[in-house]
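Common to both upcoming complexes is chain A, partnered first by chain B, then by chain C.
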Partner chain A sequence: MTSFTNKYVLNLLRNLPRLSISNLRNNDGAVKKNKRGRAQHGGDKHGHGNKGSKARQNFMRPGYETGNTPFYMKFPREQYYKDHHVKRQYPPLSLTTLQKMIDLNRIDISKPIDLSVLCNTGLYNINPEDKHFGVNLIDEGADNFKAKINVEVQWASEPTIAAIERNGGVITTSFFDVNSLFILINPKKFFQRGEAIPRRMIPPDDAILYYSSAANRGYLADPEKISWERFVLAQKYGYKLPKIEDDPDYDMLVSRKDQRQIFYGLEPGWVVNLKDKVILKPIDPQLKEFYRS
Partner chain B sequence: MAVRILFKNAMLRSGISLRLNSLIYKRDSSYRSSPIAQDSSCYAKYEVSSSPEEWKFVERLLPLTTIPTPSDRKDLPSGWQPQTATFGKYPYFVHRTRNHMLPVYLKVSMRGTRRITQINNVDGNIWMLEEAIKKYLMRVYGDKKIIATKVHEVCGHLCIHGDHVSRVKEWLLKKGL
Partner chain C sequence: MSIISFKGFSYVGKFVKVPIVQCFLARNASIKNEVQDIDVVTTTAEKTLSEGEVKAICDKSRLNHGHRNMVNGRLPYDKPVHRYHNTVKYKRRMYGRYGEASNVSPGLAWPTAEDLADIREYESLAYPLTIQEMQKNALELIESERQEIQTNQQRIDNNMKKLNGWLKEVKEKSAKKLLEAQQAKEKKEKLIEEVKKHFGYKIDPKDDRFKEMLVKREKEEKKKVREEKKKIREEKLLNYLDSKAK
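Up next is the complex of A and B:
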C-alpha cells in the first residue's frame, strides 16, 4: 500500500515544474493591501491643487497638520476657552485713553461719565451683537491719572478703582441688559424712534454677585458698605481719601442712576421728543406702576 | 400672507369694492404700511413737560457735532502736547489729524514681517523732512544701521522702513510740530 502511494507521488513530482523564483508566491492574506487614498488625488494634495504658489505659499492656520489629527487635539486637556463665544465680553478702555479724552476736551468731567458719554466721543465703541456688555476700565496709566470724575463702568479692577478714588472721584460698576445697551450706546437714535424709555433689567444669576459687591463698587451694593470699602482701599494703597462731602462738585459726585434707570435724570416710561424739545410722561397709574416696578 | 390671499380671492368672487382690496395688499414691517398716528385720545394719557431742567439731561446725551479745540496747556497728565510751531517756521510742516494727534502710524504687512513707519499730512518740502528724520535716526541708531525711506510727494506721505514710531513722534514733538 505504502509503496504504491510513494510511487504515485514520486511520479507526480517528476512531472510537475521545478520550484523556482519564478513560481514562488506569498500565502493568502500574508500581504495587506494599502489603504485607499481619499479624495480626488488619492489624498496627496491636502486640498491645495497641483503645484504652484497656491500649493506652496499657503499659510495654514496654527496647529493644522494637513490632515493628521493635530497635536492639540490628540490628548484630553482642560478647555480654558470653553464657551468663550457665549460669555459676556467687556472691551477694554485704559485710564491713559480716558485721561487723553479728558485733556482734549472730548469728555466733560463736570458731568457724570457713563457708557453713552464714552460712545458719543466717537473714540470708543461697543457692539452688543458681539456679546459686548460694556466697558472694562483697565488700570494702564493709573499712576498718571489725575482727573476727578464720577464714572459708571461695567467692569473695573481694584487698581482702577484706587486710581479714581485717590483723585477724589467716584466709580460705580453697573449692569445693562442688551436692549438697554443698544439704547445707551446711541441715545440720539433711540430718541428719534419716539419710543418710551424702557426699564433696565436686573443682572443675570452669574453676574448678580459682582454687581452687588461693595468691593467692586457694584450698583446694587449697600452704600454704607461702599464707603467702608473706599476707606479700606485707601489704607491698602496708601493714599489719603479725599472727602466728598467737602467737595465743591458734591452734587455731581453723588449723582447715580436708579436700578431701573438707563439715563441720568430720565425715568423709564418717558418719551423724548427731540423736535419740539419736550418730554412726554405717562399719567396712567397702571403704566406708572409698571415702569416703577 | 396666505390667509390674506385667500381672503382676497373670496372677496373678489363675492364682488366687494376695490377700495377694500387695496387694504389687503399690506406688507408688514414697512414704513409705508405702518399705521398712521391717530388722535392722541386713542393712546395712553400723558402730560407734556417742557422743563429746561429736565431737558438738560437729554442735551448731555446728544453727541457733539464738531471736535472741540484742545487747551494750550503743555503739562497735561496724558502727555499730549499742542502744536506750537507755526506754518512757515520750517521748510516742511506736518499737520495734526482732525483728532489733534500726530499722523505717525505703523503699517504692518507680509504676515507681520514688514514694519513701516508712515508719516502723513506732510506739507512743504518733504525731501528736507526726509533728510532731517534720516539724520536724527542715524544719530540714534548709529551709522551702521540703514534707514531706508520712501517719499510720496503728491500725497505727502513719508515711509521709513522699520518701527520708529515712538522715535519719530518724539522728534516731531521736540520740533513743536
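Up next is the complex of A and C:
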C-alpha cells in the first residue's frame, strides 16, 4: 500500500514543473495599490464628506485651539534652551589627542602651540560660523600626558592645567573675537587678502572674568597671581612644580601673546606678503598710534 | 526602390569624389612648385612670426587670457577689465597674492584716515567699556546677585522665627469663629423652640407667622436690652448723686 502511494507521489513530483520565478505568485493582498483613484476609478469623497474645511483637509497646526489661548502658551514657563543658539561653543580636544599629535610629529613642541598650530595639524578644526570660539582642552588622558609645552587654548579645566604644569609646561587661556579667529585658523588665506593684521578685540561681558582669572590662567590675569596659582594647584594635586627659570627652553616657555596680538611674533598693523616674503610695517604716526591702542 | 536609391547614391559618390581628388593633387603640385622655385620665401615666413604669435599658436589650453595667467601664477589682468578691478579690496588681494608684480602700492593695505575714524566710531559703540570697567561691572553683578540671595534668605529666616506665633494666631482666630458660629446656632435653635412652645405645635421657619413671631421676639429682646441699659444708667446716676450728696 505504502509503496504504491510513494510511487504515485514520486511520479507526480517528477512530472510537476519545477518551482521557479515564472510560476510563483504573490499572496492575496500582498501587493497593495497605493493610489487614490480619480473620477470613475473610485474617486468620490474619500471619506472626507462634502465641501468645506474638512473636505479640503484643512488641518490645524499642532497645539492650535481655534482662537483659544493654546494650552502651551497658557502658563509662564522657564525657558530651558533660552539663548542656546547664541552661546559660545568650544569644541573639545583631549590631552590624549594632543599627546598623539606630538608623538606623531604633527606638532613641534619647541615652539609655542596655539589654535593656528592645532588647525595646521589637519586633525582638529573649528568653524567660527557655527559659534565655535576655539579649543576646549579637556582632561581625558591627563595621567598619560608627558609633554612639556607652552600652549594657548580658549578653555581649560583645572585637571588639564595641572597635567600640563606638572610636566613643566605653561598654559594660557585666551579669547579671540570672531574676526581674529578666522584669521588665526587659516593665516595663509588672510595673508593673501593683502590686509594689515588687525588688533584682537576684548572678550564680551560674560567671559571677562574667566579670562582675567589667574586660576583659569587667563591672558588678562596678573602674572604674579598666576605664579601663585601655579603653586597652589601643585599643592592641591600633589606634584612638585618644575622650575621654569632653570629650564633650557625658558624663552619658549615664557613667550606669550599681547592681549591685542593674534600671531606669535607678528604685531597688529603689519602686512605679511607670502609671495615676496616680506613684512611691511606702518610708519604713519596715526596708524602706529591706532594699532598700539 | 532599394535598387534605385542605391544606384542614385553610388552615382552621387562618384560625382563628388572625383573633383576632390583632383583639387588635392592640384594644390600639392602648386606647393611643390613654390618650394622648388624660391627657397628664400619659406625662411622669411618663419622669421616674420613674432614670439607672441608663436606662443599663441603653441597655446592649446583653450583658457582665456586671465585664467591662463592665474594658472601660471601671474597677475590675471594688466589693466582693469571689470568694474570691481578698481576697488581697494581687489587691489589688496592682488598685492597679497602676486606681491610686487601686481603693480599695486602696498600702502593700500592700511586704512585711510577716514577709515580709521569709521573703525574708531564702530569700536566706541561695540566696545564702550575698558577691560577694568567690565571686570568691575561683572564683579558688581555677582555681588548684587549674592546680596539678593542673602536678603531673601534673611527674610525667610526672620519669618521662620515668627511662624509659630502666626500659627497660634490663626488657630485662635478659627476657634473663636467656630465658637461664635456655635453660639449663634444655639441661640437660633432656642428661639425656634420658644416659638414652637408659643404656638403649641411644630411650625415651619419659613412660615409668615413664624417670621412675625420672630420679629416680635426680637423687638421684645431689644426692648429688654434697652430697659436693662436704662436701668443701669439710672443706677449709675443714682450712685453718682448719692456719692455727691455724701
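The criterion applied here is as follows: the second predicted complex is superposed on the first by the 212 of 293 C-alpha atoms of A that agree within 3 Å, B and C clash if a C-alpha of one lies under 4 Å from a C-alpha of the other, contacts with A are read in each partner's own complex, and residues count from 1 in each chain.
Following the convention adopted for this analysis, contacts are C-beta pairs under 8 Å (C-beta built on N, C-alpha and C of every residue); 3 or more make two chains touch, one makes a residue touch a chain.
What you see is a predicted model, and the numbers here were worked out from it, not measured in a lab.
In the superposed model, A:Lys111 makes contact with chain B only, not with chain C.
In the superposition on chain A, contact is made by A:Tyr264 with chain B only, not with chain C. In the superposition on chain A, no contact is made by A:Gly29 with either chain B or chain C.
By the touch criterion defined above, A:Gly63 lies against neither chain B nor chain C after alignment on the C-alpha atoms of chain A. By the document's definition of touching, both partners, chain B and chain C, reach A:Phe191. Using the contact criterion defined above for the overlaid structures, shared-chain residue A:Gly122 touches chain B, although it does not reach chain C. Of the two partner chains, chain B is the only one touched by A:Lys146; chain C is not.
With both structures placed on the common chain, the touch criterion links A:Asp103 to chain B but leaves chain C unconnected. In the superposition on chain A, A:Pro282 makes contact with both chain B and chain C. Touched residues of chain A, counted separately for chain B and chain C, are more numerous for B. Within chain A, the residues touched by chain B in the first complex and by chain C in the second are 191, 271, 274, 278, 280, 282, 284, 287.
Within the complex formed with chain C, the chain A residues making contact are 191-196, 201-202, 205-206, 208-209, 212, 220, 269, 271, 273-276, 278, 280, 282, 284, 286-287, 290. The touching residues of chain B, counted against chain A in their complex, run 44-51, 54-58, 60-64, 67-71, 76-80, 99-100, 111. Per the touch definition, chain A reaches chain B in the complex via residues 59, 96, 99-100, 102-106, 108, 111, 116-117, 120-123, 141, 144-147, 187-188, 191, 263-266, 271-272, 274, 277-284, 287. The part of chain C that touches chain A in the complex is made up of residues 91-101, 104, 106, 108-111, 113, 116, 119-120, 126-127, 131, 134-135, 137-139, 142.
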